[in-house]
Structure formats: structure tokens, C-alpha cells
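Two complexes are shown next, each including chain A; its partner changes from chain B in the first to chain C in the second.
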Partner chain A sequence: MDKLLKDKKAIAVFVLPAFILFTLILFIPICQSIYYSFCDYDALTKPTFVGLKNYKNLLIDDTMKIAVKNSLFFLIYSCVTQLIMGLILAGLLTNIEKGRNFFKNVIYLPCVLSSAALGLLWMFIFSPKLGINQILAKYGIEGPLWLMDIKNYIPLPMWVIAFVALWQYVGQSMMLYMAQISGINKSLYEASYIDGCSKVKSFRYITLPLIKPMVATAMSLNAIGSLKFFDLIFNMTEGGPNKKTMVLATHLYEQGFKYFKYGYASAIGTILLILCLLMTFLINNVFKTENYEM
Partner chain B sequence: MKKKVLSILLTVAMTASLLAGCGSSGAAGGAAPAADSGAADAAAPAADDSAAPAASGDVQEITWMFWDDLNATEDLISKGYKETIDRFNKDYEGQYHCTPITTNLEEYYTKLNALVASGETPDVFIVSPGPNLTTYVEPGVAADLTPYLDADWKGTFSSDAVFAQQTYDGKIYAVPLNIAAACVFYNKEMFKEAGVEVPKTWDELIDACKKIKAAGHTPITISAGTAWCLSMLAGYLCDREGVDLKKIESGEESWNNTKTINAANKLIELSEYFQPTAAGDTNDVATAGLYNGEAAILIQGSWAIGQINGENPDFEQKCGVFQFPEIPGGNDPNRVIAKSDSLAMSATTKSPEAAIALMKYFTDDTAQKYTAEVGGKIPVTKVEYDASKAPAQLADVMDIFSNASSTFGFYNESLFSTEAGSTFDDNMVAIYLKEKTPEQAFDDLDKWYAANKK
Partner chain C sequence: MKSKKITPATILIYIFFLIMTVIYLAPLLWVFSVSFKTNGEIFTDPFALPQSIFIDNYTFAWTAGKLGIAMVNSLFVCVITLLLSMFLGSTVSFAIGRMKWKISGLVMVYFMMGMMIPVHCVLIPLFTRFAKIGLSNNLWGLILPYLTFSLPTTIFIMTGFFKSLPNELVESACIDGCSIYQIFGRICLPLSKTGLFVTGLMTFVANWNELLLAMVFISDDNRKTLPVSLSKFVGPYNTNYSQMFAAIVIAIIPTILVYSVFSNQIVDGLTAGAVKG
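And then the complex of A and B:
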């Protein structure tokens, strides 16, 4: 193995396919997209360079304001709830013997299902003519218009969709935390119990500090996932009513594929890229940790 | 440090998966790959649409692009198009062959544009007149059809007026296939029960709604979730109030004027009688509200006839049609909103003869008869059809259409760009949702025009 790693040619041969693929389908399109964000481009005619016009327009775009607000809401909501729910579930599941695998699978299941199908499913559940409101009506309660009520600053549909997203993705955070927890040496816990530590305290003083690096990873994944969140929203509300549930990705999609303003859509994409980089940078700095021997 | 670089690289990769994947237009990013996949996706269903033989020596192969899946569709008009294609392929066997490229409606223009951008424009493609067609006429994607029409074809059409929306500087760039008119559909039984006559004026309409509500029914079913449905009603109200859209488009008048404000106030007044879920209901849900007997009135284009009769055949006899009521003191009440499906030909097609032959099949007597008798749309040619075979509602629609003093397009398809149309739609929905006052909404439209109209 060491011999192989010293062979520069071998390294090059192994890295090359991934490198080419990465460059072709990721790096070049990103650069292209950044270039287009400075152009007027509708795919039917050649792009014309317009400087910062697209970015200036973004500043006065009302839908963009809604999209940024909703995306940030989504980011904060899912970072906080996924962290708490993921940790609780992971903590509970590592401590039970019976049914651990069963619950692990059940909780993780929505992660592997198609978001488009889940979006439709939940849309039916929250539709006023089917689903929850019909059940509520049986008890004489008039349910709210879950996906249509847009009176509040953060409209009800955003809360609903954020809840569905939590349900769908909490399994992923849970798995990450569980993997990290199961890597902690059992003797640490044994030592703490001998010293008279309770389960809750051992979770607080042993588990939490030791899984901190994973918290940073899970949170970055979460943050990026929620910033580029698209499918559930597109399938449940399409950004409506009246654009009140638009997020950055749906706004980008609409501008690009409905109005064919590829230049403008690329500018939104670039902003999204910058936001994602910024979030990763922030999270990695906040959770600066040294690695413990486990 | 190494870790940080790695994590940042990872982030770039993940974000880029959005850019390069579904959302991507950032992705324009991937203009080229997107185009490829578009072509591949679009071609895939086409392959099983017809047992297309590989183009052999002399057969001229052409493509036809359409916004519905010809095999899965329940829409009667789409089924008719499939018959036409099959007929064409059979009659011209060994000479021409047409392969349909089908997508769903939502993705139609995206895929069409991807094909155009990659130099594989379909030989014949369906397009809505208005700003959509303009997008293809201006860069020279659509061919000038005037010479072919002038030869011997144009005479078969019911009048030159059918080409009004397809004509640019005296040249015709697309051929209409059928016309649908926006009318008011109603449930005759509910009207009877509430003791209501067909309303002729605005006040009578409001009065009818009051009575229907008092009788315990929802008066109007409409979709604001699909914004153009609500915007169509707003368009009718504006036109009845006498709004001159041409003057607004040319900048002579502003959007914020007494007539538009009056129309918007009437929209708010009428919205008292909408079903409670109108804000989020889609077009299909709202239409179902009429044929399932949940509401008495639906304001919709006559293309809905196919859907209504297809989904609930029993409703055909209960369904009446009337013209959108007059606003006394306003504009001519005999103006009707009309919309047509049109076919355009690629300017770069290698087989214009085959393409024109195909387009002629869509406007021949067999196809046009089907349009009226089965599809329930208004034919564009002088064809004689059997009215007794046609859907019951078509006779009423034909009456309204033939009495029309003039027609006008959907407001959102009559503005200078698709986005301008959507902006109009969104502002109408905002008025309905009471997010904006009429004054604010039309002020916003004026501002948007100032910023975006070249």
C-alpha cells in the first residue's frame, strides 16, 4: 500500500476519473453560471454582458426578499430542530436494546423516499377537502387552511413544510449522531458510572463534548440542504399562494425555467453559492473543537 | 487548515449539485448538458408513441412537439391530435414520417427552448400566440408561413381574423388549430333552485350570487392558486370597464387609472362569493367544484368542456353557458376573450414540405370536425360539422362567439412578455387576497413596467 501511495503515476490514474468528472459536471458549470450571472441570457440568443445589472435587480426584487426571508427561516428552523430532535432520538436509540434497529429504520425511511412523492402525499394530507381537516371536522373543529393561509410574517405553509422537512430528514441527523456515539469507548461511560454519574449527566458531560465534531458536520449538511431546499416546496405549494412560500431555489427555478431569464437565475444561484459557503465557514468556526482520543 | 479547505470544497460540490442538478439554472450553468438531457428525455417517450421505423432511405423524417402525453391523456383534444398524427403517418407511409415529442405542459417551453438552443428545433411545434410566439418569431426560430398559406391553404379558414394574433408585420408565423372562448359556465339546477335567471348585467350577477348563497350553495368556484384563472376574470372586468390595454402597453396610459381601479373593486366585491379555499385551489380543483355540484358558477375557457364532460358525463345536461355580463356605462359587452392553439414551423427544418403537409392535416376537415364534435372547441376552418354530435355546451359557446363584436386575448398573454403577464396575474391575486389595495397593486405594475419595459 505504501509503495502504491509513493507511485505518483498510480495516484494520478486513480484520481483522474473523479477529477475529470468533477471538473466537467461541477466546476465548469459553476464557472459558466457565474459568468452568465453577469449577462442577459435567454438560451435562444447569445448571452450579452451587462455587468452588475442582474445583481442590482436582485436588490429591488420583492420576490427575492420573500425568498431570502423564507430560506433563512428554513435554515434556522431546520438547524435547531434537527439538532435537538436528532440528538434526542440518537440518545434514546443508543440506550435501548430491543427494537433499536426497527425504530432506526422507521425513522430513517422517509429519507430514502422520493421527495416529490412525499410532497404530493403531504399536500393531500393538508388539503382542505381531504386529510387532516376532514378528521378535525368530525370533532367539530374547523381546521386552518394549512397550505394557503398567508397572513403572518412567516406564513403557515412555511411552518407546515418545515415540519414535513424535519420529519423527512431527521433520520439522517439521527444516523450521523448515532454513528458518532457508538464510536465512543464504553469504558468512559463505565468510569463515569463508577464515579456516580447518572445517564443524563453522562450524556451531558461525555456524549455531547465527544460528538461535537459530528454536530458541526451534521449542521453544515443541514444548513446547505435547507438553503438549496426545493422539492417539497415545489410539490406542496409551488411557491404560492402569491409567492409567499418562495425560497431561493424555487425563485431561481421560476426565473430560469418559466421566464427564461437564465442570467438573472444564475445571479440567484451565485448568491446561493455564496450563502452556502458563508454558512459552512460560520459553522466550522463556531464549532471549533480539538479531536479527543476516543 | 487542510480540513477547512476540504470542507469548503465539499460545500461547493454540494451546492453545485443544486446548480447542476434539478434546479439549476444557475444552471444555466449547464446550458449544454441541460439541453442534452432535455433532448434525451423528450425523445424517450416519443420512441414509444409510435412504432417509428428508423428513417429509411427516402422517408423524410420530421418531429412534432406537443405539451401533453399522447398515450396517457384523457383530454379529448389531445386524443384528436394523436389521431391526426397517426392518419398522417399512414397516408404518407414511405414518403414522410412524423415522430411526436411530448412533454407535460409545465415543462413544455423549457424543453422546447433547450432543443432550440442545441440546434435541434422540432420541425413543427405547438405554441400559444402572444408573447410566447413572439419569443420564437423575433430570433427567427419560427418560419414565415405566409407563402404556403397564400398558395391555396388560407381560403379554407373561416376568416383572416383567425390569424390576428399570429401575424407580425403582415407575415403569418403560426397556424391556429382551434379557438376557445372564455365564458361563464353554470349549474342549471342550482340556478333553478335558487330562483335565479341568467344574469345579463353586473348587478344581476351579484344578485344571483346573493340568492345562490342564501340557498345554501357556494356561488362561484375559481382558482387563485393557478393565478391565470383569477386573472382571466380580472381581465374580463377590466375590459368591461373599458380599459384600453393597447394604450397601457404603449405607455400612453398608466395601469393605475379609474377604470382599472373600478374593475379591481368589482373583483373584490365578487370575491365574497368565491369558495373559501379559492386562494390555494388549483385550476383542476376549481373546475371539479362545478362538475361535482359544489358550486354554481365557473368562469373558464371553453376548453374546460372536454374536461367537464370527460370527468362527469352526467353533468353535460345540467351545464349551461352564458356570456360574461355587461357593466352598464362601460365597454361593449359583446367582446369575448379567445385563445387558440397554434402550430409553428422551425425556420431551419430540412423538410418544409413534410412539415407543411403535416400542418395541413391539422386543419383539414376530418381534424376540424373532430375539434368541434368531440373536442368541443371552435373550429378555425369553414368545415360543416354535426351540431347534434357536439357537446351540449358548444352550441352556447358558438352562439356567444358568433355574436361577439370582437375578441381579445388573455390579459397575461397580451402584455409584452411572459413575465409581465405573470406580474399582472400576481397583482390580481394580491388584490383578491387583500394584500394590496387596488391602487397599490396597479402602482406596483406601473413601477414594474417602468423598470422592465425596454
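And then the complex of A and C:
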């Protein structure tokens, strides 16, 4: 039996096709991309090594500053709001019996829909003459230009897009927390009620500590998701007006595939990669806990 | 806690979730209702039901908007990716989850790396490489990266499934003289159908919605996938709102249908994929 399970040839047959594919499509390109980020490289020239030039240019690039600011805003906003809303939704949903599945499925629905399509849909809802402003106009209120008002440091469109992102993806966090909560032993709660705990208190002292590992998982998914954020922004504002809603991903797309500055775009990509790895590492360390007996 | 008493708190919770339901469904219902209106009706009577069902919006989006072709392309790409990722993913998972070799853990880490890496980082090298070997503007040029980025989740979930199968099964198959390929194909794989199904659904949904890669790699109108054609059709240069709304509906209806049939499995897959992560 062991001989069968240690069959080197079979292992190679099973693993190699995917391994080769992975290496060709993911591993080598990442190395190349990091190398390109140190090169002068565009659609017409071959890559030539120039050291840190691209990174130095990034430092003085105004759009990059906006992109970093907006991406960090997204990162923080989505980590915080998804944690809070996800926990509230999950906590409340586990308290009701009837309709739990229905509400759960409704809130999770946008997660499986195309964010390109939803971005367009919300663009219409927040457009100057349709949707929300039509409702407001009925009551004689002139609605703001939701996706064009760029006065503030974090402009209004960013808040709107962040809201849409929360609307679309909070179902995922909720689902993960619910899965974890349903795994908690019911006797813990019963014991706490006998001891005179209120529901809110038992949530604070039993549920919260026990779902901490899931908070790490959900939050790193959120963090990576918000750094990669592209579809919604691209379809709601395309980074405009005046590049005020650019994020790292849209900046990379524009530099790489509108202006064909491959080397420069690769530098943005490398920064994105570093941020993703850093956030995963940070979050998993902050929320690392000893495993409780459940 | 089996008290059937309805407390004020429960009522508040229900009111809260009813409001949430409205926030979640209203936009979808709105786009649906507007898509049947004529363009004039949108401004004169925005929130009423359409006066008559105006199908022309759909036919226009389907043909002139090229959403019909895009739908076929999307289906082709997603189905092939789905089948390949199920096959490649489950063979790797079987080798990692059931077979005994020293570096299996390391190989697992190598594949799991893909979960943390954003697709943006490989766009440029892949784009330039694919242009050289004739894979740009080619649906296979989408299938390969889609497959690669679907594999980590598939492998993660399927390895869990293979590991959870009872040892006795494999042992008795060995004694009966099964080869390792038979153990995989005839015994372990059929028993992990649920996992396969769940990962398949997730792969399908993720790739069906993918925009960035498809936009970069495909510029030929007849090869575009649904999210790309949609984003192109619906834009600032188009002023016929009801046609654009019809296009949005066309793009989201397939996933809504899939979701309403398989929502429980999709949810299971999501949690299975993350609980032990």
C-alpha cells in the first residue's frame, strides 16, 4: 500500500501539469514583472536596466500620490466597515430563525454578480439626473453631483464607491463570521445565560473571542480585495474626474495599457504586490491567537 | 433557547433586515424595470412600472451591443476553465492530500501563494509574452491565466476533501489490486463530488465576472467576454439609458439564475475555502 502511495511516477503525473502551468503563468511572470520595474520598457523598446528610476519617478508622480491615498483609504475603510457590518449582520442573523436563509442569500447575492455590471448600475443610480437625484428632486432637493464632486481631501466619489463596495462585498464577511459562529458550542451560551449574561454580553465575551481567527481570514481577504480594487472604480468613474478617484490598480492599467509604459506600470505592480503581502502578514500577526477549545 | 416568545428585539431585528433587503434588491429591481421602458419614460415616469414591455432594448443590446457574441465567448472561456481547473486541481489535491512524498507541503505552499498575489502583477509580462506567441486576442490566452488563478482555491478545498476520506477505503482498494490511477478516478474522485461541484461553481462565477485581464488581452470585438462588452457598450458616449440597462440585466441574469439554484452550495464553498485558511 505504501509503495502505491509513494509512486514517484504517479505523483509526477498528478502534479506536474498544474505545477508547470503555475510556474509559467504565475511564478516566472512575477519575477519578470519585478525585473521590468527596474527597466525602461515600453511598447516600442526592449527592456533596459535603469535601476531605481521608475521608483524615483513614482515618488514625484502626482497621480501616484492620489492613487496611494485612495487605495489606503479603501483599505482602511473596507477593513473597518466590513468588520463592523459583517459582525453586526452575522450576530443578528444568528439570532433569528425564520427567514435567516432568505436574508443571508439576499445580502450575499451581489458578491457573485459581476462588479463591472454593478459598477455601471450604481453609476446610474448616482448619476446627476437619474436614480437618487430623481428621488431627491421629487422632494425639491437638488442632489449633489455624487461622482463628480472633488472638493474634499477624500472626494465624495470615493465615499460613494466605498459604500458600493461595502454593499457588494459585506455578504462575504457576514458569511464567514456566520460559519464560525455556528461552530461555537451552544452549551457555552447556555452556561452564560444561566450565569445571567445578556445576549449582548454573551456576544462580547463568548462570540467575539472565539471568532478572532476568522476575523484574520476575513480581514486579509478584504485587505487584498480592496488593494486589487479595479472593476467598480473603472466602471463608475474611470479614475476621474481629474484623476481624483485613481487607485493603484487603475493607475497601473492606465500607465501600462493606455500609455504603454510597461516598466513604470510594473513598478506600480510591484508596490501593489508588496502591499498585499505586507497586509496579509500584518493582519495574521495582529489577530494571531491561541486556538480555544470550541 | 427554544422560547417562541416574540420580543421587541426580534421585531427590531426583522425591521432591520427588511430595510437591508430593500437596500439590496431595490437597485436590481430598478434596473430590471427600467430596462423594459422606452428612453423617454425614464425621465417622465422614473419609478413607475413600465407602461408596456418594451423588448427592443434587449434585442438591440444583444445584437448591436454584441452581448450575444460576448455571452458565447464568456461561456466558452468559463466552461473550459472550469473543466480544466477541476481536473488539474483534483489531481494535484489527490497527490498532496493522499499520497506520501516529502515535499508535498512545500508544493502546497507554492500553489497557495497564488491566493495572495493580485493578477495585476503579472499583467504586463503575460501581455507581452502572449503577444509574441499569438495568444493575445485569443480566448485561450484568457483561459490559461484564469485557470492558473482558479487553481489555488480549487486545490485548497479539494485537498481538504481528499484528506477527510477514510483510510480504509484506500486500503481496501489497494488490497483489491487497484492501481493508483484507479484509486483516484474510481474511488476518491467520485466520493469528493460535492467538493468538485462547489469549487466548480466558484471558479465559474469568478471567471464569469473577470474584467481586467479580459479587457487587456482581448481587443477584437468578436472575442470579447461579457464584462468587457458590457463596459464598452455602457458608457458616457451612449445616451440611450434603457438599452444600457437592458445590457446590464443581460450580464447579471445568468449569475442570478445560477445563484438562485445553487446558493447553498456556493455559500458552503466559500466557507469551506476560508474556514481553515
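General remarks:
Everything below uses one rule, namely that the second predicted complex is superposed on the first by the 273 of 294 C-alpha atoms of A that agree within 3 Å, B and C clash if a C-alpha of one lies under 4 Å from a C-alpha of the other, contacts with A are read in each partner's own complex, and residues count from 1 in each chain.
The definition used in the following text is that a contact is a pair of C-beta atoms (placed from the backbone, for glycine too) under 8 Å apart; a residue touches a chain by one contact, two chains touch by 3 or more.
The shown structure was predicted, so the numbers you read here are calculated from the model rather than taken from an experiment.
Once the two complexes are laid over each other on the shared chain, residue contacts for A:141 go to neither chain B nor chain C.
Contact with neither chain B nor chain C is seen for A:84 once the two complexes are overlaid on the shared chain.
Of the two partner chains placed by superposition, A:286 touches none, neither chain B nor chain C. Of the two partner chains placed by the overlay, only chain C lies in contact with A:21; chain B stays clear of it. Ranking chain B and chain C by residues of chain A touched puts C first.
In the superposition on chain A, A:6 makes contact with chain C only, not with chain B. Look at A:150: by the touch rule set out above, it reaches chain B but stays clear of chain C.
Judged by the touch definition given at the top, the superposed model places A:208 against neither chain B nor chain C.
Contact with neither chain B nor chain C is seen for A:52 once the two complexes are overlaid on the shared chain. Of the two partner chains, chain C is the only one touched by A:120; chain B is not. In the superposition on chain A, the residues of chain A touched by chain B in one structure and by chain C in the other are 22, 25-27, 29-30, 32-33, 36, 129, 221, 224, 227-228, 230-231, 249, 252-253, 256-257, 262, 265-266, 269-270, 272-273, 276-277, 280. The touching residues of chain B, counted against chain A in their complex, run 4, 7-8, 10-20, 22-31, 33, 107, 109-110, 113-114, 116-117, 135-136, 139, 141, 224-225, 227, 276-277, 279-280, 285, 417-419, 422, 426, 429-430, 433, 435, 451.
Looking at the complex, you find that chain A touches chain C at residues 1-2, 4-8, 10-11, 13-15, 17-19, 21-22, 25-30, 32-33, 36, 89, 92-93, 95-96, 99, 103-110, 112-118, 120-122, 124-125, 129-131, 134-135, 167, 172, 175-176, 179-180, 189-190, 193, 199, 214, 217-218, 221, 224, 227-228, 230-231, 234-235, 248-249, 252-253, 256-257, 262, 265-266, 269-270, 272-273, 276-277, 280. By the touch criterion given at the top, residues 22, 25-27, 29-30, 32-33, 36-37, 41-45, 57, 60, 128-129, 145, 147-148, 150, 220-221, 224, 227-228, 230-231, 237, 240-243, 249, 252-253, 255-263, 265-266, 268-270, 272-273, 276-277, 280-281, 284 of chain A touch chain B in their complex. Residue ranges of chain C in contact with chain A, taken from their complex: 1, 9-10, 13-14, 16-17, 20-21, 23-25, 27-28, 30-31, 42-43, 46-47, 88-89, 91-92, 94-96, 98-101, 107, 110-111, 113-114, 116-129, 144-145, 147-149, 151, 155, 170-171, 174-175, 179-181, 183-184, 205, 208-209, 211-212, 216, 226-228, 230-231, 234, 241, 244-245, 248, 251-252, 255-256, 258-259, 263, 266-267, 270-271, 274-275, 277.
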